[in-house]
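Worksheet for the structure shown next.
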Amino acid sequence: MRPSLRKPTQMRPVSMETGVNKWAEGSCLIKMGGTTVLCTATVDLNQPTWKRLQNKTGGWVTAEYSMLPRANATRKTRDNIMKDHRSAEISRIIGRALRSVVDMEALGRHTITIDCDVIQADGGTRCASITGGFVALVLAVRWLLNTGRIHENPVHEHVAAISAGLWHNELILDLDYEEDSTAEMDANFVVSESGRFIEVQSTGEQHPFEKSQLGELMDMAATATQKLIELQKQVLE
Amino acid sequence: MRPSLRKPTQMRPVSMETGVNKWAEGSCLIKMGGTTVLCTATVDLNQPTWKRLQNKTGGWVTAEYSMLPRANATRKTRDNIMKDHRSAEISRIIGRALRSVVDMEALGRHTITIDCDVIQADGGTRCASITGGFVALVLAVRWLLNTGRIHENPVHEHVAAISAGLWHNELILDLDYEEDSTAEMDANFVVSESGRFIEVQSTGEQHPFEKSQLGELMDMAATATQKLIELQKQVLE
Amino acid sequence: MRPSLRKPTQMRPVSMETGVNKWAEGSCLIKMGGTTVLCTATVDLNQPTWKRLQNKTGGWVTAEYSMLPRANATRKTRDNIMKDHRSAEISRIIGRALRSVVDMEALGRHTITIDCDVIQADGGTRCASITGGFVALVLAVRWLLNTGRIHENPVHEHVAAISAGLWHNELILDLDYEEDSTAEMDANFVVSESGRFIEVQSTGEQHPFEKSQLGELMDMAATATQKLIELQKQVLE
Amino acid sequence: MRPSLRKPTQMRPVSMETGVNKWAEGSCLIKMGGTTVLCTATVDLNQPTWKRLQNKTGGWVTAEYSMLPRANATRKTRDNIMKDHRSAEISRIIGRALRSVVDMEALGRHTITIDCDVIQADGGTRCASITGGFVALVLAVRWLLNTGRIHENPVHEHVAAISAGLWHNELILDLDYEEDSTAEMDANFVVSESGRFIEVQSTGEQHPFEKSQLGELMDMAATATQKLIELQKQVLE
Amino acid sequence: MRPSLRKPTQMRPVSMETGVNKWAEGSCLIKMGGTTVLCTATVDLNQPTWKRLQNKTGGWVTAEYSMLPRANATRKTRDNIMKDHRSAEISRIIGRALRSVVDMEALGRHTITIDCDVIQADGGTRCASITGGFVALVLAVRWLLNTGRIHENPVHEHVAAISAGLWHNELILDLDYEEDSTAEMDANFVVSESGRFIEVQSTGEQHPFEKSQLGELMDMAATATQKLIELQKQVLE
Amino acid sequence: MRPSLRKPTQMRPVSMETGVNKWAEGSCLIKMGGTTVLCTATVDLNQPTWKRLQNKTGGWVTAEYSMLPRANATRKTRDNIMKDHRSAEISRIIGRALRSVVDMEALGRHTITIDCDVIQADGGTRCASITGGFVALVLAVRWLLNTGRIHENPVHEHVAAISAGLWHNELILDLDYEEDSTAEMDANFVVSESGRFIEVQSTGEQHPFEKSQLGELMDMAATATQKLIELQKQVLE
């Protein structure tokens, strides 16, 4: 039995609230069980410097992921937060996930930065950041459309993410902190609305895994992310 | 007429919510108008290193103030947030304010860190941090008392803070961002439950001021902070 | 009796010497008792970058305050000096104080940086920096006038600063290090030639204070700063 | 046809040379086509600090990956190399891969650091680092055994890694730089001697992929890594 | 008898190999006994920023010297490598040495950066870096000539370097690590093809020296560097 | 004719003043023409950490050299001062020079740090730092003797330093800034009271030099440093 008493393929309760920041062009507060992430989208009316220097066309989407000092059971110093390579790695993953569904030409010469600040961490923070960050991104894109700065929606489909793993020899979905810290193997899946995979990351440092196990987890993730995408659509209506 | 349509001595609506972080020993989400600050208190069951090295007795209270990147109208990079001397200065003020009402001997060999993370900024963030941070501090102290680690309440009175200033030649209370950015002179007051002043900071870079003007602002602040302390007491009951 | 054997409102001997640096456009070595600060003014014939980027007119005055490693009883490492938030806070105060008496339009598109390097510290270093820094500033402005780069004096009045505080329940002026480290409350006052206050900073972490006490200190500071301004005028003749 | 003229499942020529550093307890220079990585293993006769502080038993294996400034077509400054989050991410992957085949208790209270310095980069540097780093690790473990510091081999099986991806709609193995920079999707696989997967990382930012495609790549990687392990064994004889 | 069994004026075996990096415009792997340094030359088709800002003509040659973490008997952390002032000092020496034989006008508006990465250190790394770095520099200059970017060879003569010192009261040439760490005095000499001295650095912290001793070492160095220059010529043919 | 109108072997006027810092265990303000350096000696009643960790006996002498921001004709930012490799190199030279005349065993388990802060720079700052730093060192050693912490003078002879160089094809002594910046070759000499050389650094980036020229400069330096040592003795009486 999972510590959370959930069934193997049962996700935690999810909620997303938009308009939670009066300054940001888009914002979404996502909660997945005990995990809370504040996602804000900031529009910069310029290309990123590296694109301009290379005389490239189109825009860019980037992301920054960070924890508040007491998002976890033990406090982390702000210095350590800044130097945290894990956060930098997750920022890169979120950025790739969101860019995969955006047409950079249609975005025009604009840069959208998605800040994902983890208010409270209880497993699955990178996945919540992608799912909630997508909502903030869509709102920022609407702002660009509504203010007449772009004329075509550059977002061609939804994207969401979910974790899964092997825990006590059972394949389970959406691990919370307690499950994650005792799992034999854990994986994260970024999936598009069309059901294809954008990113698969699977690590079995304690317990190497078989191809078939990863396959099963991919199926579980495909189903779960469609539910998350359904929720994104409700929130964005 | 103030941009906020308030009367000169009228504060913005204030709310404080406790128990907003499942990991922290104390937490309080304070809102003053458009300003939102998340205050968490972390208890470390040790003295700070500098006290131990100097063979001192008793505990310590310290504070860290920081803005989320998009707490303001324009986004601030995380690098700039880390290097921000204004934040460091405010952290020192919050720490001094909270220490002024704590008996370090009664606190025992413990360190309490108050993290004040500004979720949304609209003027008066340092004052909200002190007022809300005090609530988180009291909750952390209760945790120490309830778990039998200390036996006497080291907090001997409440403390709260409010801003005030000279705007269009009128003395006004609790400036929001719009008022603050056009004020001739602005001041911050940290006041104890017993009505005495712990910190007075007043700057008239654009417009030097008279002793009598500062005196009037002190009176306004004394009244307003007693209202905030009343609210702290309700929330902590 | 004060450790320094001075009367409550008695300042320490003050001297200011100009022309102490052959390269700087203005320089002043100020001594207040055991406190020695070297103030140099550097003229940059450009606006600061942030003004230019915002298409603003006029110039700017900024200040940097720092201690030499052995300015104090214990040596401070250079790394710690660089990261010192107290120095950053004081730099900001000095800058604000000096800007308050300068007309930025009349200064033209120039930037003046006042470096205040504390050679020896014995209390009141920030106040000495403001008083001596003003002299260096005036000399740099004269250099701009004499070389024909500006045609109108942008400095509209003098400014000086002094510390005061509550020590052994007595209100005293111009605290030296020994007095400062045992004071119940200490304050710093920046006052203009016209007798108005530009900055009041008062902290009673150990001992909250009354409005009337701050009022008395303001009166003491107003008198003392006029004497310092008198001295500045003699030196600048 | 691949730019490298190789067949889809054809690896580049691989060589590994041991004993290439007179100081290191283990070393291996691995070449995979145009990619050259110098792997050195350093034995520290202590536990890592974090293990000691937590009163844990056993040892640790960690890795650091870095590029020389001119390992690539364009030179990278040393400052940028140090701040490179991609390198930090890869260091973490190498460390996890090598730890997955080491019994930390049998390693005793020792720390082995594997430095992977990329002399020349031409695609697949992280995989070459794992494959060559394993050889350096085994040599360092032998040094511990030969000097009588441990008495049991803590390495329970070999580990190797290979990249694969989707390029011009074809699944190919061991991408070189030219192929990698134009691939629709790329993946890295860390595989154990027993044929199980330790890490799967697959990204299709430009082109989401199907479960079946990842499955095919896993099969290709399983075959290729066994060949690499064969080579490791020859070199280590 | 020297630990290396060499005669006082005997150099260690030297080899230089060119074309060791497929990306760099020039490269040379130099070995002097147990010391191995990889020298790569990178051509930037621009002046350095500081020259452009000062409206200067001509190009520039600069160098960066660094050790790999395990180049020495004990591992050095990458953080410490970056902060290493000794490396910075040596980088400056290498740059000066190479610039002394280059006509900056004839080099045109190009910048050549010589990276000297010490793969294995066994004494004399700075001298090997200069001698090998010169070869990489010449190759980069040939690349500029061959691609028609410059039309005249800016290198007017060869340059090489050698160490020497006082060991057990005997003057010896080309100290290895063991000799260097027990020497009473050590010196480094940069000498041009025309037999003149470009840099002499001699330190007798443990044992002050006489003018005549330095003179003898200069003679030894003059002879040895001519042999190194002979070798450079062979390699560059 | 030299710009300073001095004869080739004529030094600038030199003065040294002791007791210029009330906190430091030793201090000396040295002026050589337009160059002014404040040297303070700080005694730490412990060995340096690295000596203690290696279980070594005896003490240590170290030095730190730094420029104030406006010590030169153009202002240097404090950030650049901290990162300045030239300063780090000079700090190492000063430390070596002073250690060469101190018996570390007789110094006991104490660390003396000599801070050399350049108040005004006009050529020869490193040499002035060594000459003045030696005086501060001797005073700190006397403090150790007078307070009974050591019982034997660990300083076995004086040390001083002077610059020299080739300027307009003439060998000249003690170059000021104007001469230094147009010299063909410049050198620094650290010489002991017994007339032997502790450090010789000679660079002819613009103009390689002959052995005989360096020899002549060494003779000039030997004479000049004896005069400086004479002055040190007068000041220390």
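Per-chain residue numbering starts at 1, and chain names A, B, C, D, E and F are given in the order in which the chains are listed.
The rule we apply is simple: contacts are C-beta pairs under 8 Å (C-beta built on N, C-alpha and C of every residue); 3 or more make two chains touch, one makes a residue touch a chain.
Keep in mind that what you see is a predicted model, and the values were worked out from it rather than measured.
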{"item": "Between subunit A and subunit F, the fewest steps along chains that touch one another", "value": "3"}
{"item": "Chain located farthest away, centre of subunit C as origin (C-alpha)", "value": "D"}
{"item": "Most distant chain from subunit F, judged by the mean position of its C-alpha atoms", "value": "A"}
{"item": "Classification of the subunit D:subunit E interface as same or different, half of numbers criterion", "value": "same"}
{"item": "Equivalent interface to D-E, taken from B-C, C-F or A-D so that over half of the residue contact pairs match", "value": "C-F"}
{"item": "Between subunit F and subunit E, distance of the C-alpha-averaged centres to the nearest whole Å", "value": "28"}
{"item": "Computed distance of Cα centres, subunit E from subunit B, in Å", "value": "59"}
{"item": "Cα-centroid distance, subunit B relative to subunit F, in whole angstrom", "value": "50"}
{"item": "Residues of subunit D touching at least two other chains", "value": "none"}
{"item": "Graph class of chain-chain contacts, one of line, ring, star, complete, other", "value": "ring"}
{"item": "Ring path (origin subunit B; first step to subunit C)", "value": "B, C, F, E, D, A"}
{"item": "Subunit F-facing residues of subunit E, complex", "value": "85-86, 88-89, 91-92, 96, 99-100, 187, 192, 194, 196-206, 208-211, 214-215, 218-219, 222"}
{"item": "Residue numbers on subunit F that touch subunit C, as the complex places them", "value": "21-24, 27, 34, 38, 40, 42, 44, 64, 66, 68-73, 75, 78-79, 82, 113, 115, 117, 119-120, 122"}
